[in-house]
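Below you'll find a set of structures to go through.
In what follows, chain A forms one complex with chain B and a second complex with chain C.
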Partner chain A sequence: MANTQLLGLFEDPQKVADAMGELKGAGFPVEDLDIYSGSPFPEGAFGEHEAEHRLFMFPLVGALIGFSIGLLWTAGTQISYPLITGGKPILSIPPMTIIMYENTMLGAILFTVLGVLFESRLPKRDLGLYDERITEGYIGIYVDCPVERAGAAEAVLNSNGAEEIKKA
Partner chain B sequence: MYYRRTLTEAQINQQLLGTVLTTPLWWIVLVSLLGIVVAGAVGAVGWMINQGLGVTGLRQPVFWGFFITNFIFWVGISHAGVMISAILRLSQAEWRRPMVRAAETMTVFALMASLAMPLVHAGRPWRIFYWVFPYDWARGIWPDVRSPLVWDPIAITTYLTSSMLFVYTALIPDLAIIRDRSTGWRRSVYGALSLGWHGNPRQWKIQGFAGILLSALILPVFVSVHSIVSWDFSVSLVPSWHVTIFAPYFVIGAVHSGVSAVVTLMIIMRKLYKLENFIWEEHIDALARLLMVVALAWMFLFWLDLVFALWLREEQEITVWMLRMFEPPWSWLFFLFFMFSFVIPVPLWMFRRVRRSFTWMLWTSLLVNFGMFLERFLIIVPALMRKGPQTFTYATYRPSPVEFTIIFGTIALVCFLLLIFSKFFPLIPLWEEKEGQLLIDHVKVGNVYVPALVKEH
Partner chain C sequence: MAHEEHAIPQVPTHQEIASDIMARFQNVNQRYWSWVSLLALLFVGGIVGFVMRLSDGFDDRSNWGYYTATLSFLASTFLAMPIISAGLRLAKANWRRPLTRLTENMAITGVLIWFMLIPALIALPPTEGRLSVWFDFPHWMAFRGGNLMVWGTVVLIGLFLLWLLAVPDLAAVRDHMPASPRGKLARVLSVGWTGNTRQWRVLHSGALLFGAFYLLLYPTLQTLLQADFQAGLLPGMKDAIAPATALINALQGAVGLTLVVMYVMRRFGGYERYFGIDQFWALSKPLLAFSLLWFYFWWGSFITFWYGRQPGESELIRFMVLDSYRYPLMVSFMLNFIGPLVALVWNPVRRSIWGPTIVGAGVLVGALVNHIRWYVAPFSVPDPPAGEAWPHVLPEIPAGQLPGAADALIVVGGIAGAVLLFMLINKIIPVVSMWEVGEGLRLVKVRRFLARYAMVIAKSH
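Up next, the complex of A and B:
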């Protein structure tokens, strides 16, 4: 069964919330509906699908990797090319902790950014069905539905005051 | 209380993308002038490489002069940018919105300027790589990880990478806004940079978490980097440098000069980019109050540094402090540093009228930074020109025109890079301003309307 996409553009956030409610009531699964906006609205403002994410895991993994690299680098270089000082251990722990700490933090930050991209489902090569007015105050309702239900979705969007409806 | 001007999304786009979508004449003139100064500094560096470090004022025993002073100065400036942004993001302070991007960007460019300084200071810049990177695999020679020459580049590159990622992550939604307002090759470039951002609830949610998470991660990095810079000094045996208080003293000094630099930047930005609708007296007032707290904390640590030196009753320590405080020309510089960094600005900031005056705040913040440059200079130079049992020379230091040219060049470089950045990216985050418009309302209490902020938990 072929699918089609629609994008309804609205100016009033309340109309968006009403249209979303009606679309869900008409049997459109919430996972197939999306909202595009130029600024962040409070979560659940439009009754949209609540996104689950595991962003908090990424810095932990990154920190572990960064720490390991720091440990291998500092300990590895000192063991491989020892600078022997009488009465002192080969591994000089205090300066090692400085480098290990920085590497840990760098790993955590790098992986957080990677996590942000992954959890935001970015990068996307193609914008798909989109309208430039979204970044100028319009709010878009994106509907992915079977072709034969496109008419019903369009009717809901129209009845709730969509300024324009674009189709893929 | 913040009486936010009511603006539509289209108006915010129009007002904040002014220099991105068009090129004003003043921008061309300023960039050209600053470019000339930067070119002059590059020429001075070339001359110095060609002639050797003899063209500077560096002489035995003072081998750390203006370049290292400037390195510490710019690292310090870079610190407050991210600190302000991260703390305000973490605390969800409403007044953060117009200042976070500019502060973060200043961090990046100030760090670039500071990174250039040790390279220039080396005299033969390419040789610095021998100290930091493995350069001779065949003979198995590795840099010694126990050396501050290794800690420092690692800390600063970590901070630079983190700051750049911090700026970029928060920039993505704004890049999409510019993409939607551009045509031709610009649209392709901004399209690629915005990574296909749509602005759906998932992306906004992650963007919000990212701001908090990255702020929490970058704050300890900011503290660690300036601590590590201070350890370059305190692991040495130079009197007045090897004190345990140096790390917090450096960090708070960095915050003092950095927050002042943010104030300067905000006021100049407001004037140049006509940002009266976004940067108000309330913002500068809030920063001034923060500056008072920071200045007092800095003064406390400065005092501790002095007390620790005197408490030891070490002749060498006392000699350095006597030199700094009582022997001209150092005593004059010390007087200026103390007046500019603390005595003049802090009492002035106690007056609400001063805190809310853009002119007063511009000049006092500039004074602080001039004073803080002198502070770093006075930490470094008199300590090195001390007379000690192992030191057979007792020379003074006078920076040469080459050094002055390079120092002015770095100031011009940071301004130049900020202007170039502002040509391609907005200095105030549009999406954050839009969010602010969305979440604020005014409620009537008795006869007055007061701002009521809606916050998400």
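Up next, the complex of A and C:
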């Protein structure tokens, strides 16, 4: 079954909330609806689907990798080139912690950047169905639905005061 | 008795704010270029001063004291500013919305600061035979590589924080800026942002993470700065709270600089409606708190040395407090503690535009003088004779070192270079965040409250 996409543009947030409620009432799955806005609204303000993300896992993995590299690097260099000073142990823990901590943080931030891009599904060369007025303060309702239900979705968007409806 | 009817406060719409900020962002007038030219000239002067020092080599470390003081001043004011953004965002302060972008844009100065770090590290002596956090790590990788990595990571975090929080506004620039190199750059940097629900959720979480990373790593930078560029060069210096002192001073400097920049943007950039009394008033409170902490930490260190009375401690007090660097300490004491305390305890001063700005400017001057004391002094201590370990007591107290022509050029040029980068980035990324201000507007409602109108602000999450 072929799908199509619609983007209804609104100026009034209340109308967006009403349209979202009506779309859900008309049987459009909430996962197929999305909100585009130039600034964020409190979560769930429009009754939209709150997409889960796993961003917090990325820095954890990065930190573990960074810590491991830091440990191998500092311990490896000292063991490879042993310089015994005053009978002290070869591994000098305090300066090692600085490098290990730094590597942990570096790993965490690099993976966070990757996580932000991956979880946001960015970068995108083609903006897809989009309108420049969104960054001016307009709000868009994005509907992904079967072709035969596009008319019903359009009717809901129109009846709630959409200023324009774009189609893919 | 009839009550005076106050005018109902008008809350602007997102559209009004976005078009106003975009108009200011697009406007690059003659005055802007005049300032950029002047700053570029001063920066070139700084490079000339640097080349003069470079031509003398690194054998005489005292030549590099003012250079290092400039580096540490920049790292403790400009580079500390993203902490304000991270901290206030974590605290969910609504009044921060117009000013956090300004503090994030300052992260760009980290690029200059990182490059300035390289000669300062070369000027440091090897770690063998002297006290340092690197113990006897003889390898080049230890303190030089370690410092470059830590500072570099702090700079990277700042730049990632800036980029992430600017992406929605870069998308606005992409959408509304006429075809131009700036518009093209915004298109690249906005990476195809459309502002859907998932992107906003990830942006919120990512900003919190980067902010937390900055807060976690910046103290490490200050610790290395204190340990490698001061304590490791000063015989007898054993101050456990020195890194914490430096951190508190950096936070004070960051708040002071934020106030001054807000005033300049308000006065000369036309941003009056964004940097209002709320922002100045709110920031004056942490400025007062950091000023009190300035004294608390300074006193905490001083009293330990004073009561210790070991030869190394007594000589250090003479060198850094009573004799050679007495006047810089007095200037800093007045501008970083007494001045802010006396001025900011008064409500009318705190609750004004000019009061916190003047205090903030004073704090910056005091911080610069204090950094000169902190880093010119240890750089003027000569190395021990070849083959001998570093002493635990100053063999003789060096005289206070006044700046030469090259030093003056470096100090002025370094600061001008940082301001120049800030001015340039402001024409790539809007200095006021459209999306954050827009988000805040939606959380504000004007309600009737008894005989007056009150502004009610909702929590965003």
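Criterion: the second predicted complex is superposed on the first by the 167 of 168 C-alpha atoms of A that agree within 3 Å, B and C clash if a C-alpha of one lies under 4 Å from a C-alpha of the other, contacts with A are read in each partner's own complex, and residues count from 1 in each chain.
Going forward, a contact is a pair of C-beta atoms (placed from the backbone, for glycine too) under 8 Å apart; a residue touches a chain by one contact, two chains touch by 3 or more.
Keep in mind that what you see is a predicted model, and the values were worked out from it rather than measured.
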(request) Evaluate whether chain B and chain C can sit on chain A together after superposition, giving fit or clash. (result) clash
(request) Identify the partner contact of A:L106: answer first if only chain B is touched, second if only chain C is, both if each is, neither if none is. (result) both
(message) Tell me the contact category for A:P42 with respect to chain B and chain C: first, second, both or neither.
(response) both
(request) State whether A:S80 touches chain B only (first), chain C only (second), both chains, or neither. (result) first
(request) May I ask you to decide whether A:A26 touches chain B, chain C, both, or neither, giving the answer as first, second, both or neither? (result) neither
(request) In the overlay, answer first, second, both or neither for which of chain B and chain C A:F56 touches. (result) both
(message) Per the definitions at the top, what is the overlap between the chain A residues touching chain B and those touching chain C?
(response) 34-43, 48-51, 53, 55-56, 59, 77, 81, 83, 92, 95, 98-99, 101-103, 105-106, 108-109, 112-113, 116-117, 119-127, 130, 132, 134-137, 142
(request) Would you pull the chain C residues touching chain A in the complex into a rising list? (result) 13-15, 18-19, 133-139, 141-142, 146, 149-150, 153, 156-157, 160, 164, 168, 171-172, 175-176, 191-206, 209-210, 213, 216-217, 220, 224, 434-436, 438-439, 442-443, 458, 460-461
(request) Provide the residue numbers of chain B that touch chain A in the complex, in ascending order. (result) 8-10, 13, 140-147, 150-151, 154-155, 158, 161-162, 165-166, 168-169, 172-173, 176-177, 180-181, 191, 195-210, 213-214, 217-218, 220-221, 224, 228, 231, 431, 434-435, 437-439, 454, 456
(request) Report the residues of chain A in contact with chain C in the complex, numbered from low to high. (result) 13, 34-43, 48-51, 53, 55-56, 59, 77, 81, 83, 85, 92, 94-95, 98-99, 101-103, 105-106, 108-109, 112-113, 115-117, 119-128, 130, 132, 134-137, 142
(message) Quick check: in the complex, which residue numbers of chain A touch chain B?
(response) 34-43, 46, 48-51, 53, 55-56, 59, 73-74, 77-78, 80-81, 83, 92, 95-96, 98-99, 101-103, 105-106, 108-110, 112-113, 116-117, 119-127, 130, 132, 134-137, 142
